[in-house]
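Following this line, the structures themselves.
Both of the next two complexes hold chain A, though its partner changes from chain B to chain C.
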Partner chain A sequence: MNRHLVTLICITLPVVLLVIAAELIDDRLLTRLATTLCINMILVLGLQIFTGNSGILSFAHIGFMGIGAYTSAVITMPARLKSMALPELYPIMQGVQLDPLVGMAIGGVVAALVAAIVAYPLMRLSDAAAVITSFALLMILHTIMVHWSEVTNGPRTLFGIVEATTLQLAAAAAVVAAIGAYWFKESRVGILLRAVRNDEVAAAAIGAHIPLLRWRAYVLSAFYAGIGGALWAHFITSFSPNAFYLRETFVILGMLVIGGPATVSGAVFGVFSVTAVFEGLRALEKAINAADLFSSTVVGLTEIILALVMLIVLILRPGGIIERNEFGTLARWPFMKKQNSSRGE
Partner chain B sequence: MDVGTILQFTLDVLNLGSLYALMALGLVVIYGILKLVNFAYGELVMVAGYTLYLLNGSPLPWLIMALVAVCMAVIGGITTDLVAFRPVRANSLTAMLITSFAFSTLLQNAALLFISPRARNVPLPEIFTQSVTMLGVIIPVRNLITIASAFILLGAFTLVMKRTVLGMALRAAASNFTMARMVGIPANFIITVAFAISGLFAGVVAMLWLGRIGAVVPGIGLEPLLVAFIACVIGGMRSLVGAVVGGYLLALIDVSFNYALPPDLLSFRDAFTFTMVIVILLLRPSGLIKGPDTGKRT
Partner chain C sequence: MSNRRLRINEVSVEFSGLRALDKVSLTIETGEILGLIGPNGSGKTTLVNAITGQVRPSTGAVCIGDEEITALSPRRIALKGITRSFQQVRLFNDLSVVENVAATSLAKGLSLRAARQTARELLVDFNLSDFGDMAAGALNHGDKRRVEIVRALAGDPSFLLLDEPAAGMNETESDALLATLAELPASRALGILVIDHDMSLIMRLCHRLHVISSGKTIGEGSVETVRSLPAVVEAYLGTSETSP
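Moving on, here comes the complex of A and B:
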């Protein structure tokens, strides 16, 4: 069988199975968990598109998630709720009330547009300078979200967002996202971008337009983040700007790094495995708190374990658990004698 | 403007600038050698803060407590090297960035788990709350202490870097690491020393910073880290002098914004300063003051 087909099946099948399982068991908690997982998968895949292919770490990703979330939340909110939740909103925006699906799409587009405008000059930078600017961008986006009270209700919680994200919707989006990320990786732009990642000088010498290539990946990645954020907003229905900051960045980055940033399979694997560990630990934390074993409540245990796992994975397998071969290539190992190490990547 | 306002303004800039310069220097010491941004730098400030909090109530005089806290920051710096950097140094730059980010989260959440998410007061000596009056301006003594200790520390650091074998080895490693190793400078040792110096700066910053805010929280390290980032980028990521200049310049900009901007724009001050960072990185990628020429990262 075609290795692309095998890969596509392997990265989408877990989501489909998860939805079926959640439908069969029909447990509220499991459904919520599965929905969160699908949304996280979109975010991680978005980050994979840029970081995985270009090799440049981006911290601003979660900021674009925030843009998508706030955009969609504000333009879909019913007018009577708006006067309560956002009393200072501009009059022009007051009457706007779109269908949540349209709102989510616009959320993604706005995030991509903002990325397209601010990112182009930044794409020339590599290494540490690129990381610092993306970090600075996250800080700028966060400061704006915290202080633009007309649209975001300031540092306070924004409530009254239409609940529209179902498990099926999130799962469908995740499946499309996975296929899209794999398509991008195998596209001309994706391949050229990885050539740039491996050797900037050599890639430029064969005519790769480095800033333009990176910019395309960045805009697509921001679109993913915007859609993910919008889905999340209509799922959680109330949030504050602190949801789009370093903690969320750490979780998303952790999933990608542990799974393997260079491959789509790795990103998907990372989401599933980290979510499983995370939820297990959170249940443990809750059990400890319920049993009153310690005088104070236990917080932060899950993050500590995630950080430790990240350190161990990076020390033992710097490229993540699935380093370079997609599932499709991995699956051929038992049947093929050799030659896939040259085909891999 | 009368003399009092000018004096007030100058002292504000000098005070904030001294703090910022020390913060930036601690970050640049690492960047110069490893070409690496240490995200766990802010947590060294936190470590020193919590040490001071845990020593609260012990019969020791404050200066000894402060000394222990600074030592803990130095130990924290060395641990950062051993845990987050040495094992992955052979790998990509990204790997080191992520390990330092992970180590930072690890320390922060450890404080959250083992101490408390709430702010904890730290012991401070009397002198930090006193103030003197000069030309009709009330000046807190802690500001003068900050300025004085920054000057002493910067002077001592300059002497070490220029006059001792260790300082020369550090500068050699920063300018060309491979070459430095070839002439017999022990690589691991030099890197560990750089981390220890970074911890020393973080510890001193922690003492002065806590003198201003009086309490320690798990997230205390974020602000010093961000300040250090901006100051380094303005001054030049590769140059020690640049870091100090950047620190004072950033303080000048911040204090001027405080005096000049209307209140509703003032809340966006951080967005303005970070935009400036991006613009400077685009126009002058090596900062205002260019560091020594460098070979590739090793």
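Moving on, here comes the complex of A and C:
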């Protein structure tokens, strides 16, 4: 079997199995958990597209998630709710009420457009300068969300968003997202961008257009974030700008970094493993408190242990758990190794 | 691509007060191999960097044919048909050998399929086809150097600048490399500039030599002429040939 096919199966099958399990067990909590996982997977894959291929950490990702969420929320909300939920909304937008699927698509496109405009000047930056500017961009996007009351209801919770995200929809989107991320990595732009990640000087010397390559990945990455945000908005149905800030950034970045940013396999693995650990710890925390083992209630166990796990993984494997080889090449490894050792080094 | 020449005219490069190159002029014709020699720190790599846009000349001009390309970005210079290898190998270590070579064609705008096809054909020419699917970072040193040369060739350049291509190779490897390089100018209508400290390789490979010392030209001409120039013998060849 072809290595691409193996990889594609390995990164999409877990989602399919998850949906089947959720259908069979038919538990409301499990279904919600699975839906959240699928949405997180889209967000992590989006981040992988830029950060993984370019090697530049981006903190702004969750800001684009917020753009997608607010865009789709506002343009799909029934007019009668709008007057309550968004009293200051511009009159011209009060009559707009699109189908949620259309709204989500537009949410992704708007996030991508904003990224396309603001990101180009940033794409010349590398290393620390790139990381710190991406953080500044997150703060700017957050501040805008907090203060643009006309469309976000300001720092207050925006409620009354149409519920439209089912597990099936989120899972289908996650599968498409995984295939898309892998396709991008293996595409013309993906290969050149990874070349730039390895060696900027050599890449420029063969004629690679470094800012343009990064920009394309960034725009696609923001599109993923926008779609993920819109799916999440129509799943959770009420939120405030704080949902798109540091905590969410930490979770999404953590999943990617632990799984292995350079591979799509790592991104998917990171989502599943971190979710499993997270939920396991939460259950444990609950059980401990229920059993009354300690005099006071245990809080924050989940966050602390997750942070510790992250530290340990990064110390032992700085490139994440799946550092370099996609699932497909992991399977071909013995053959490669043989060829390798016959040449020495 | 015929009859264009790469002309470097009175190029100087300064690094915060240090004059690494001082009004160096040279020409590389299509179809020839020019050897650039000189002691350590004489400015050979700096000259290549000045041609390919990695450093900006303080004065002087670099031209292909009638077109001035001085201080264009490295990317534009590459797309004008000048590619290079580096003294310290710079491969895309996480990419496969085929992808390393294909990257050059991809940067020129070729499709993935066409770029891979070209890459595989070139790798066959350099006896590297067995390693096509290996990660470039896993190659041994000599093969890395050869992959870097193949990568530079993949853009179908008019001029190829090689910074110590045989460094770190054993004698068999460097003889094989010499044989391959010697055929390139004719078979691919290409001008080559080679830097190397291995005088035996340089003497056998090059049609003409250019010698610099402390950033200044101290001799140029045919291999025979340069060999007998007193300034060259004193500054470079004399010391180089007696040391092991």
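Methods note: the second predicted complex is superposed on the first by the 320 of 345 C-alpha atoms of A that agree within 3 Å, B and C clash if a C-alpha of one lies under 4 Å from a C-alpha of the other, contacts with A are read in each partner's own complex, and residues count from 1 in each chain.
Following the convention adopted for this analysis, a contact is a pair of C-beta atoms (placed from the backbone, for glycine too) under 8 Å apart; a residue touches a chain by one contact, two chains touch by 3 or more.
In this text the structure is predicted, and so the values were computed from the model without any measurement.
*Asks:* Classify the contacts of A:324 with the two partner chains as first (chain B alone), second (chain C alone), both, or neither.
*Replies:* After superposing on A, A:324 lies in contact with chain C but is clear of chain B.
*Asks:* In this superposition, which partner touches a larger number of chain A residues, chain B or chain C?
*Replies:* B
*Asks:* Is A:150 touching the first partner chain B, the second partner chain C, both, or neither of them?
*Replies:* After superposition on chain A, A:150 lies in contact with neither partner.
*Asks:* One more residue to check, A:311. First (chain B), second (chain C), both or neither?
*Replies:* First partner only, chain B.
*Asks:* A:300 contacts which: chain B (first), chain C (second), both, neither?
*Replies:* A:300: touches chain B, not chain C.
*Asks:* Determine, under the contact definition given at the top, whether A:279 touches first (chain B), second (chain C), both, or neither.
*Replies:* A:279 sits against neither chain B nor chain C.
*Asks:* Thinking of the overlay built on chain A, is A:191 touched by chain B (first), by chain C (second), by both, or by neither?
*Replies:* second
*Asks:* Across the complex, what residues on chain A touch chain B?
*Replies:* These residues of chain A touch chain B: 51, 55-57, 121-122, 124-125, 127-129, 131-133, 135-137, 139-140, 143-144, 147, 246, 250, 253-254, 257, 296, 298-301, 303-304, 306-308, 310-311, 314-315, 318.
*Asks:* Looking at the complex, which residues from chain C come into contact with chain A?
*Replies:* Touching chain A: residues 52, 54, 73-75, 78-79, 83-84, 86, 90-95, 99-100, 102-104, 106-108, 111-112, 115, 130-131, 133-135, 138-141, 143, 151-152, 154-155 of chain C.
*Asks:* Show which residues of chain A lie in contact with chain C when the two form their complex.
*Replies:* Interface residues on chain A, with respect to chain C: 187-188, 191-192, 194-195, 197-199, 201-210, 262, 324, 336, 339-340, 343-345.
*Asks:* Quick one: which bits of chain B touch chain A in the complex? Just the residue numbers, please.
*Replies:* Touch residues, chain B against chain A: 31, 35-37, 83-84, 87-88, 91-95, 97-99, 101-103, 105-106, 108-110, 112-113, 116-117, 222, 226, 229-230, 233, 237, 267-268, 270-271, 274-275, 277-278, 281-282, 285.
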